[in-house]
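Here come two complexes built around chain A, the first alongside chain B, the second alongside chain C.
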Partner chain A sequence: MEKIFIEPTRITPLINFDPDEGLLEMKGRSSPENSIEFYQKILDNLEEYAVSGGEQFTANIAFEYFNTSSSKCLFDVFKRMSRIEDSGKAITINWYYEEGDDDMMEAGEDYSDLLDLDFNFREMEED
Partner chain B sequence: MDKNHDLYYDEISSLRKFRTKIDSHAVYKEDLDDFSNEYEELIAQAKVITRVSDRLQKKLDNANIQIKEQNDEIKFKNIELKTTIDQLAQARVGRKASTIMLTVALVLFIAEQLLLEPWIDANIDIPFAGLGILGILFVVVKILESSLEKYFMNKEKTKILEVEQKQVEGWS
Partner chain C sequence: MDYLRSYKNIYDQNIILMFKGELTFDLVTAMIGSLEERLDEIEEDRRVKKKFYNVSTECIQNLYYHLDEVNSDDKLISSFDSHSALIMIAARKRFYSLQTGNYIPTEKIAEIQKRLDDINAVSADELRALYKKVLAEQEFSDKGTGGLGFIDIARKTAGQKLRYKFQPVTSGVSYFTFQVRLPRVEEN
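Up next is the complex of A and B:
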């Protein structure tokens, strides 16, 4: 497992994965040219975290927008988190969405329902 | 098939493994359970992806409607702006033509009074002949004024077209 930090761009989100802290942050817009290539490293690290990571895991997710293929990758990310939870670790998922962005909130609800994960929904004030 | 490039790498791998088991007639209940679980998960994925896509399409559709409305408004404002510019140009050109013609009329009036009027008084015995000539001069000046106005208006339009042409060339 390694620390991952990816600066955000116009089409890719900020990624900050710190296995020592048990923290994953994803923030911004996600419509990469190749979504799976972008998310694969995170998926592999989460897979490993379920086996050999710490006892606490926190995910802070704050997307403004993500495209269809990113939504599939996010499903895979949450599936890995579900595995982390199944391995007996305490997991906290904070789903941030902009004030009034009901669509983004509902997307979080979909992931939460379908993967049976508890999300903390937090509204952010617009800049 | 490449793990880093295929979005459905895991799902396709599972399907291939299961098909291999079918082909080798080695399918156990456990395999069927695993496969049905994976199928269930695939349905869950399809559900979430469809919902997300629907939301994106809805956003896109709303944005398109908004853009169309804004375009219509811009077109309407452009027409209004063009009309106002035309009116302003018309007023400016009208003022210019009136000033020129007023000067011409004044020169003609002074010339008529100083040169023509004494000659008429001395040589023509028609009552109000001088007044008649002044009337004719007034009509001629009025006709000239509208012709001058048209000439200046055409000149103004050519100038605007030239400016627009230069702007277009600057953009391209």
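Up next is the complex of A and C:
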């Protein structure tokens, strides 16, 4: 497992994966040309974390926007988190969304419901 | 040749983007960026702005992914035209109109039409259920698209029907026009 840090662009989110801390942060916008390629490394690392990672795992997710292709990749990301939980580790998923952004809140509810994962929904005030 | 008149016509219709030609991904990104800047000037409602960003990105990226499907050796459509997109986005008083046009293989019509009709036939709640079903069950296509584009557009435009038209061009090629309206004011 390796640390991953990717600076955000206008079409890709900030990614910060730190296996030592048991932390994954994703923040910003996601509409890359090839989302499968973009998320692959994160998927591989989460897969490994389920096997050899620490006992705690926290995900802080704060998307402003993601396109439908990224949406499918995120489904796979959460599926991996579900495996981390199944492996007996304690997992915390914080889903941040901008105040009044019901669409983003619903998107989080959909993942939580489909994969039977507990999400903490956190509304952020408008800046 | 009165370009000023053409320009004024366009201006009067509040067209915020008009484009015809082949698309590259960088061009798509630049277009969406300039649309976003324009929206900052003309739209006050933050939520509408977000929905607009969402729907326009999905519409234009969707076009981009499907433009290479017509391989026309046909004399009636030049190879440039066969891969050309048409995009027109207008800001009206009560809604934004997003319209796209592209050539498609005629054999694809049935599949696309069924997807659009299925989406138009269901309520908002059912649309959400449909989105979740496709999200969880459908595999990625070769292009990395997930079959969610139209459903997402319909969800974000709050019950507006997806309008479309298929017109035959040659025996194997048709023209697909797609239009969606995004309301600017909350429906009460």
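To be clear about the criterion, the second predicted complex is superposed on the first by the 127 of 127 C-alpha atoms of A that agree within 3 Å, B and C clash if a C-alpha of one lies under 4 Å from a C-alpha of the other, contacts with A are read in each partner's own complex, and residues count from 1 in each chain.
Here, a contact is a pair of C-beta atoms (placed from the backbone, for glycine too) under 8 Å apart; a residue touches a chain by one contact, two chains touch by 3 or more.
What you see is a predicted model; the values in this text were computed from it and never measured.
Chain B and chain C, once both complexes are superposed via chain A, clash.
Once chain A of one complex is fitted onto chain A of the other, the partner contacts of A:Gln40 are limited to chain B, with no touch recorded for chain C. Applying the stated contact rule after C-alpha superposition, one finds that A:Ser31 touches chain C and leaves chain B untouched.
By the touch criterion stated above, A:Phe5 is placed in contact with neither chain B nor chain C.
In the superposition on chain A, contact of A:Ser71 is made with both chain B and chain C. Chain A uses residues 34-36, 67-69, 71-72, 75, 103, 106, 110, 114 to touch chain B in one structure and chain C in the other.
Listing the residues of chain B that touch chain A in their complex gives 3-10, 41, 44-45, 47-49, 51-53, 55-56, 58-59.
By the touch rule above, chain A contacts chain B in their complex via residues 34-37, 40, 66-69, 71-73, 75-76, 79, 103, 106-107, 110-111, 114-115.
Every residue of chain C that touches chain A in the complex is listed here, in rising order: 25, 29, 32-33, 46-47, 50-51, 53-54, 57-58, 61, 128, 131-132, 135-136, 140, 144-146, 148-149, 151-152, 155-156. Per the touch definition, chain A reaches chain C in the complex via residues 10-11, 31, 33-36, 64-65, 67-69, 71-72, 75, 100-101, 103, 106, 110, 113-114, 126.
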